[in-house]
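Shared between the two complexes below is chain A, which pairs with chain B and chain C, respectively.
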Partner chain A sequence: MRLTRFYIILVTIPALLAGISIFFGRYPLTIENVFNVLFGLVLNHNVDPTHLGIVVHIRLPRIILGAMVGASLSVSGAAFQGMFRNPLVSSGMLGVSSGAGFGAALALILFDHFFWVYPFSFGFGLIAVLLCFIIGRFTSANQSITLVLGGVIVGSVFSALISFLKYVADPMDELPAIVFWLMGSLSRADYTHILVAGIPMIAGTIGLIAVKWKLNVLAMGDREAQSLGLNVKAYRLFVIICATLATAGAVCVSGVIGWIGLVVPHMGRMLTGNDNRRLIPACISIGACFLIIVDDISRLLTSSEMPLGILTSILGGPFFIYLLKKTKGRQW
Partner chain B sequence: MVTMTSLTLNNAGFSYGDTSIFKNITLEVHPGSTLCILGPNGSGKTTLMDALLGIHRLTHGSIYINGKDIRHLSPGQIARVLAFVPQNHAKHFSFSVRDVLLMGRSAYTHTFGSPGPKDLRIVDATLAQFNLSHLAHRDYTRLSGGETQLVMIIRALVQDTPIIVMDEPTAHLDFKHEITVLETIVRLIRNQGKTLIMATHFPNHAFFLENQGLDIEVGFLHREQLHMEGSPSDALTWENLRRYYGVDTCIMEYNTQKTGKIKQIFPISTTKEA
Partner chain C sequence: MMQYVHFKRYAKSVAIRLLFTALFFIPKAYCEPFHVTDSAGRRVLLENAPERIACLYAFTGHVVTMLGRGGDMVAIVNGLKKDVLLNRIQPEIRNTPVPARGGVIHIEALLKTRPDIVFLKPDTATIASEIKKLEQFNLPYFIAGYRSMAQQMTIIEQIGKAVGKTNKAKAYTQYYRNVISRVKQVTDHIGQKERIRIYHSSNEPTRTDAPGTLEADWTKAAGVINVSVESRLQARGGKYFADIEQIILWNPDVIIVNEDGVDHEILTDQKWAPIKAVNQKKVFPIPVGISRWGHPGGLETPLAILWTAQKVYPQRFEHIDLKAEIRNFYHRFFNLDLTDDMIDKILANQNMRRDP
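Up next is the complex of A and B:
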């Protein structure tokens, strides 16, 4: 029964937040306007096409995509922390974010059409993780540590490459586009994004849910996990594939939104404890809520949208400290 | 437990690159027996344990479980026969003791599954059996070293295997907890009929088990070879301790009213070559 209540809470809170968020935005719509659109859709009334467009084609996809991106980054971060037994790693640990950032910058320079940013960032995100794996193969030592190290190396190489691209980019239009993309935004959200980027995000997330208890066992260390009967290498590969798909899917549509994949898992740990059977679902829910809220603030705060990467850190930091004080790091 | 599971090593050898750790080990571990592997630190005991558990692949020879080469067994299949109690358990995340014990059921869960109510019942029953039910909801990172070791042993029991492999089960424990853990081990062998393979660098542990009236075989891992020397009384002689450990000792016997004759090794000095 307690478990049922737990899942009801996990679904209800993001749903409520999404419902409230639909009323927020830059375009002045009254509460009544929004209700008119919503009831109009259900009852098939005629509604103001501008209002309809704003609610259904701008606000709603943005909220849905925000929830998916937040959930994907958080759940991947939680899975990586558990599997690498390191509370300081995040969803971008194996270089996905830097690789994706490089891919996006490259596409912005090479092509005029923004479309190419998505396949390039997604593809280079995967290539970065693959490179980590190849580096990990060079030694026979503890593979977890080599992978983490590989992530640091690949990440810094791609960061340097991003800097190089910024250096050579046209400062009038390409450079601002790259900088803005790297700070993360949901402003381009539409239903195509949700459908296409949603496939890797949802597939990865479902995969991680499926092995949530096995993550507990993996947290015991490779040697113990294997002696307990787990095929450690196979599970590690599976977790990395799932987390990489989810993160790359999220990053390619939203840009680099830092901090979520590191801190949301810790919020989850403070609230539910470290048992991944609860932590993984909790991270999905908290991550979704967190990014919905941050994106609401981003839309409301200034007339030109504040990039999400800035806000997640500015808001996440104090909130994290508050949680730390409130729970005193209990169960953590 | 009446399943007769045999473990056989045939000419087993392992080397890291050019460095040979052990070689030519041929041994049969009989069901219900206890094998105490003695040897100083760095003699290769842990590597031998890892080879038995299928974590390291032998570079020579083979290990058979019930006649099957462990090279052809999956981690899950091995884990249903051999449970492992580690020497140093590194704790990274605070799990409840119950959650840690549930991990003993890994080998019985589906690829994408979690343990179910039946597994939880096994955990709770095993805890109760050792009067440790009060630990169930405790944060295991806050347990003492001795309690942690007991939890690790109970996890091995939850794993429900005929054979338990222990690597230095009493390392880093205080005086009382060392005895508590040894007494628990005696219980496993006597009441549960487990086959036990225990690596230790304390020769007195073999005597402790023998003093409790158990049937123990002692093997010394020395210069890459495993020398089987029989029961503790036969094996732990001052000649052997001098040969394998380089320590001069005397073996003391003492009669107590409660337990009868007990034996202990007293170290005197390291062997000075004449």
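Up next is the complex of A and C:
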């Protein structure tokens, strides 16, 4: 019974937030306008095309994509933190974000069409993780540490490559586009993004939900997990694949949105404790809520858009400290 | 007899000396040190008319080329290498060194080019460490910034004075003023309510014009209402971005874009669909010639004014033959004879920038 209530809360809060967010934006739409559009769609009524466009093609895809990206980044972060038994690890740990960032920058320089950014960033995100995995296999002892170290190295190499591309980019055309992409934004959100990038995000997230119990065992350490009869190597590979798919899918449509994959799992841990069976679903929900709220604020603050990376840190920091004070990190 | 020979020898040597003096010293005596004033209000002292010119701001490269000194550019920025027309006028720029990227000067590479004057972008000039690099080596530098048409004209005239082409620069600014007044004569009769409201996209779809910029000024001169210049937009690295809902709220009659392909993106993206201009398919790419017309760093501002006015008020500007105007412009100021095919490409904003 308690578990059912737990899941109801996890689904209701993001759904409510998403519902409220439809009313927020620069364009003044009344509650009545929004309901007219929503009911008009269902009942096939005639609605004002401007209102329809704003609600259906601007706000709704942003909210859906924001929720998906937030959920994917935080669930991957939580899985990595548990598996590597390291609280400083985030979703971009194994170089996914830097790899994806490099792929995007490369595509922006090589091609005229923005379309190529998506496959390139997704592909290079995967390549970065693959490199980490190869580095991790160099040693037989304590693979977790080698993987984390490999992640740091591959990440910094790709960051350096991004800087190099920024250096050679044409300051008039390509550089602004690269910087804009790297700062992270949901402003390009549309249904194609949701469909295409949604596949890896949802597949990865479902994969992590499926092994949430095994994550508890992995978190005990390799030797303990092995003695409990778990195929550590296979599960670790599976977790890495799922988290990578989810993160790369998120990064390729939204750019690099920092902070969520690191801090939301900690927020989740303060609220639900260390048990991954609860933590993983909680992170999906909190991550979705967090990015929906941040994007609402980004849309409302100015007549232009503020990069999400700035806001996630400014808002997330104080909230994190508040949670820490309130819960005294008891459940941690 | 002996004395006569002596005198003859003496006279010969004097004549030779005089000839040498005339050859080497007189031309310099004509060129006295002179001052030019840059956009920061600095009076830059130049000992001689510069022979070797470093253009570390694309705009100044265009101006110097227009003034006929393109062949003396010893250092440029990468953006210039991409301009198709500029490459046609000065094919050698493909090999000209690029000693500055992203506003950061590589001082050794710049020194190697031995410039007599360095033209700078105002952004670069605000970084004290960059200026220090130039001052350490006594390189005279000129900051070429402007935020209005009047300031742009002044800067072009000052650059003209600096490179010894005052008359050519004045001829250009005279044409500039002439276009403004020709357009004004017509648009003055258009009432505020009849004026077309435009949204001007700069590179990215949502990047646009802010108040107090050259773009705000020239669009006003074209007799249109630029929807974004009344708003407080958030600046990011000197560039201004608008929120898509804000653009829908402005609901412009016409959208002008300056990046190849952005017009197609705006016309097909559902997010832009509620806007009047998109609905009526009035999304036009502004031409690109030597530079992007009407861009903050563009040189063809007068043509941008003329094109925009004719585009939004076709009946009122029926009398203007834009193609002839373009042909004359590039012939007169760049010594470039354009084919019809080339003019069509300029007008269609197609393939005017290429990868170096």
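Couple of notes before you dig in:
What we mean here is this: the second predicted complex is superposed on the first by the 332 of 332 C-alpha atoms of A that agree within 3 Å, B and C clash if a C-alpha of one lies under 4 Å from a C-alpha of the other, contacts with A are read in each partner's own complex, and residues count from 1 in each chain.
One rule holds for everything that comes next: a residue touches a chain if its C-beta (ideal position, glycine included) is under 8 Å from a C-beta of that chain, and two chains touch if they have at least 3 such contacts.
Model, not experiment: these values are computed from the prediction.
After alignment on the shared chain A, the placement of chain B and chain C results in a side-by-side fit free of clashes.
Of the two partner chains placed around the shared chain by superposition, chain B is the only one that A:G273 touches, whereas chain C remains out of contact. In the superposed model, A:R85 lies in contact with chain B only, and not with chain C. In the superposition on chain A, contact of A:K166 is made with chain C only, not with chain B.
Of the two partner chains placed around the shared chain by superposition, chain B is the only one that A:M220 touches, whereas chain C remains out of contact. By the touch criterion defined above, A:V232 lies against chain B but remains apart from chain C after alignment on the C-alpha atoms of chain A. When the two complexes are overlaid on their common chain A, residue A:G25 makes contact with chain C while staying clear of chain B. Of the two partner chains placed by the overlay, neither chain B nor chain C lies in contact with A:V47.
Working from the superposition on chain A, the chain A vertex angle toward chain B and chain C, CA centres, sits at 140° in steps of 10. Nowhere in the superposition do the C-alpha atoms of chain B and chain C come closer than 41 Å. Within the complex, the chain C residues that touch chain A are 58, 77-79, 82, 101-103, 203-204, 206-207, 231-234, 236-237, 239-246, 248-249, 259-261, 265, 269-271, 273-274, 297, 353. Taken together, the chain A residues at the contact with chain B in this complex read 82, 85-87, 210-214, 216-217, 219-221, 223-232, 269, 273-275, 277, 331-332. Against chain C, the residues of chain A that register as touching in their complex are 25-28, 49-50, 52-54, 57-58, 112-114, 166-168, 170-173, 175-177, 179-180, 187, 190, 299, 302-307. Chain B contributes residues 50, 53-55, 74-76, 78-80, 82-84, 86, 89-90, 92-96, 99-100, 102-104, 106-109, 112-115, 139, 159 to its touches with chain A in the complex.
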